[in-house]
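Both of the next two complexes hold chain A, though its partner changes from chain B to chain C.
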Partner chain A sequence: MRAYAAFCNKEFMESVRTYKLFIMGAVFLLLGMMSPLLARFTPAILEAVAGEMPEMVIIIPEPSAYDSWLQFFSNIGQMGLLALVIVFSGLTAGEIGKGTVINMLTKGLSRGTVIFSKLSAAAAIWTVCYLLSILAAFAYTAYFWGAHETHHVFLSFFSMWLYGILLIAFVIFGGILTASIYGSMLLTGGVVVVMMLINILPGARPYNPITLSGENALLLTAQRTVSDFAPALIVCAALILLLTAGSVAVFNKKQL
Partner chain B sequence: MDILRVENVSKSFGGNKVIDGLSFAVPENSVFGFLGQNGAGKTTTMKMALGLLKPDGGEMYICGEQVSCGQTNTNRHIGYLPDVPEFYPYMRPKEYLRLCGEITGLSNDIIKSRGAELLALVGLEGVNKKIGGFSRGMKQRLGIAQALLNEPKLLICDEPTSALDPIGRKEILDILQQVKGKTTVVFSTHILSDVERICDRIAVISKGRLVLSGTIQELKARHRADGLTVEFASPGDLDRFMGDPHVAPYTEGAAQNGLGVTLHVNDMAAAQTAVIETLAQGRILPLKLEVMEPTIESLFLEVTK
Partner chain C sequence: METLMEMLPIILPLFIIQLILMVTALVHVLRHPNYRFGSRGIWMVVVIVLQIIGPVLYFAIGRGEED
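Moving on, here comes the complex of A and B:
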């Protein structure tokens, strides 16, 4: 337990001193602020453009709080998660590749503890940055549109969070498997592409974890129900457990 | 008791057999020199003892406990200094030692006091810059400090001096000499003068096999002197000496080197008598007459041929 705490502590120190925490914080704060602003001002921008070309007629409905959240989930689900994967791509790959973890292992740190503390620390950083972006988006959305109706608030945000954890679990697994940053990113990117392809099959859709990052805004506006999200949530959670157990098993067998 | 016991261990990488039926033991409180050419399998053997690599066959025991790859139970007895130690560059030396101590399960007080003690031992007290700005020698010294933090019964150093300048090398050897007696040291190298300075036992491996092992005195005694070198003042003296029938039984296979000649003999006493008589009778005055002591270098060259 003490070793776990010590190694988590080291992970936090690393993310502060190598500026990972600040980069993540800045990216997510920006995405959180940008989404309501974009939703609010896109019609005005388009109008200004259209004004120069009188022959073009653009009909845009009045933006709403819903557009703001649509923007938010699309930005976090794409740019945000991309930043997440890039920032954490060296989480396990870097340590194995450079050999810094060897010293720790020869001190008696168990390999499982390495995986668990890395997962916890990355999850904590992702949680904090994600909350930051939610708060910023909430503040701006409330400012522009006032009180607005929302449904399944917790589940909408939680789904994206869990999907983020899944990506972290893939990054860790890829790093353990290939001991290279590129390998880790390639595996994670490859899996996302595969999930996108699976999404073409209508039958597989409800079970596909990628739903958790794509249809959150629909859940927030009650166009989806909890039962639409439940299978994907279960698959996602099961994958996280499986990947973490797999990472420990592969790492235990790994020759360093 | 044997601190480290290696029993019939083999290891291949791909189709390449790196370690082939290696067995040896390191007794307690010795400084054990582990010698071999580059690529002989020294690092591989050490990594197997640390559970970082899995042997294909055979067993290893640390303090009587079997090493199993991937598990780190036996590592609590060991301090390890890798050939090129890699640290977290954003940490300061004290922070790194605290992390190591916490992982090993030392109490905070002990981490603090022993950390300070060790940093003083390796000459890094008062150094508070981040490890990223350390020179190679400084990293090597911090490596020794972290390896000794948990007062290991066995200190494994993988070529601790190979990459250092002469001053850095001397400092590392001095530190190892200081811990001698408190902990058993296994130290791999191909710098033979380092071995003669601090080791009391050696094992030489070549192509993954043990080719020589024992205490340095034993080995030197076993490979008793067989060379007698005579150096002359002029080529004429050398020719007269070599042409003398008295020394003819010994000149076969003799190695000439400038004005000197080294005779290889079986019976040193008889050969010495014959040479001295020849020199006296011929009134040849040599510059030097020397019985060649076997050096670690000559042993090493002989067994790794």
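Moving on, here comes the complex of A and C:
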């Protein structure tokens, strides 16, 4: 347990010194602030453009708080998760590739502890930055539209969070497997593409973890119910456990 | 565009954070001449032109080892 705490501490120090924490914080704060603004001003910008071309008639509905959350989830789900994967791509790959982890392993640190601390440190950073973006988005949305009706608030945000953890687990697994930053990114990117392809099959959709990052806004407006999300949540959680166990198993067998 | 002027105090923080992100990355690019790949010129263009994702890319995969 002491080794775990010490290694977690080392991970946090590292993310501060390699600007990971700063980058994540800035990006997620930006995305949180940007989404309500985009929702609010897109119609005005379109109108200004259309005004220069009188033959074009664009009918734009008045933006609502719903549009703001729609923007939020699409920004976090694409740009935010992309930043998450890029920032953490060197999480395990870097240290195995450079061999700096060997020093600590020979001093008696177990390989499982390395994986668990890396996962928890990355998860903690993702959680804080994600909360930051939610707060920013909430403040701006409340400012523009006042109080608005939302449903399943916790589950909508939690699904995206769990999906982020899944991506971190894939990044760690890829890093252990290939010992390269690009291998780690490629594996995670490949998995996302595969999940997108699986999403074409209507029968597989409720079980596909990618649903957790794509339909949150629908959940927020009660167009989806909790039971629509439950299978994907379970599959996602199972995958995270499986990947973490897999990472430890592969790492234990790996020649460094 | 009058509404845009009214909204300036709300939009301003957005630009400031974006600027901080860009400037931090730019200063780092100029101060550390070693990159994992690419050259100073390439990274300066990436950091300035690609908003948000440029600095992320630089710090995550472009930044060389400290010496």
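Here is the rule we go by: the second predicted complex is superposed on the first by the 256 of 256 C-alpha atoms of A that agree within 3 Å, B and C clash if a C-alpha of one lies under 4 Å from a C-alpha of the other, contacts with A are read in each partner's own complex, and residues count from 1 in each chain.
In the analysis below, contacts are C-beta pairs under 8 Å (C-beta built on N, C-alpha and C of every residue); 3 or more make two chains touch, one makes a residue touch a chain.
Computed from a predicted model, the values in this text were never measured in an experiment.
Asker: Please work out whether A:Q78 is in contact with chain B alone, chain C alone, both, or neither, and reply first, second, both or neither.
Answerer: Neither chain B nor chain C is touched by A:Q78.
Asker: Quick one: classify A:R111 as touching chain B (first), chain C (second), both or neither.
Answerer: first
Asker: After the superposition on A, what does A:I181 contact: first (chain B), second (chain C), both or neither?
Answerer: Only chain C is touched by A:I181; chain B is not.
Asker: Of the two partner chains, chain B (first) and chain C (second), which one does A:T18 touch, if any: first, second, both, or neither?
Answerer: Both partners, chain B and chain C.
Asker: Check the residue A:Q223 against both partner chains and state whether it touches chain B (first), chain C (second), both, or neither.
Answerer: A:Q223 contacts neither chain B nor chain C.
Asker: Quick check on the superposed pair: does A:T127 touch chain B, chain C, both, or neither? Answer first, second, both or neither.
Answerer: A:T127 contacts neither chain B nor chain C.
Asker: In the superposed view, which residues of chain A touch chain B and also chain C?
Answerer: 18
Asker: For the complex, give me every residue of chain C touching chain A.
Answerer: Chain C residues touching chain A: 1, 3-4, 7, 10-11, 13-14, 17-18, 20-21, 24, 28, 52-53, 55-57, 59-61, 63.
Asker: Can you tell me which positions in chain B touch chain A when the two form their complex?
Answerer: Listed in rising order, the residues are 47, 50, 52-54, 69-73, 75-76, 78, 80, 82, 84-88, 90-91, 95, 99-100, 102-105, 146, 150.
Asker: Okay, in this complex, where on chain A does chain C touch?
Answerer: Going through chain A, the ones touching chain C are 18-20, 22-23, 26-27, 29-30, 33-34, 37, 41, 44, 48, 79, 82-83, 86-87, 89-90, 140, 143, 181.
Asker: Write out the stretch or stretches of chain A touching chain B in their complex.
Answerer: 2-3, 5-7, 9-10, 13-14, 17-18, 98-100, 102-111, 251-256
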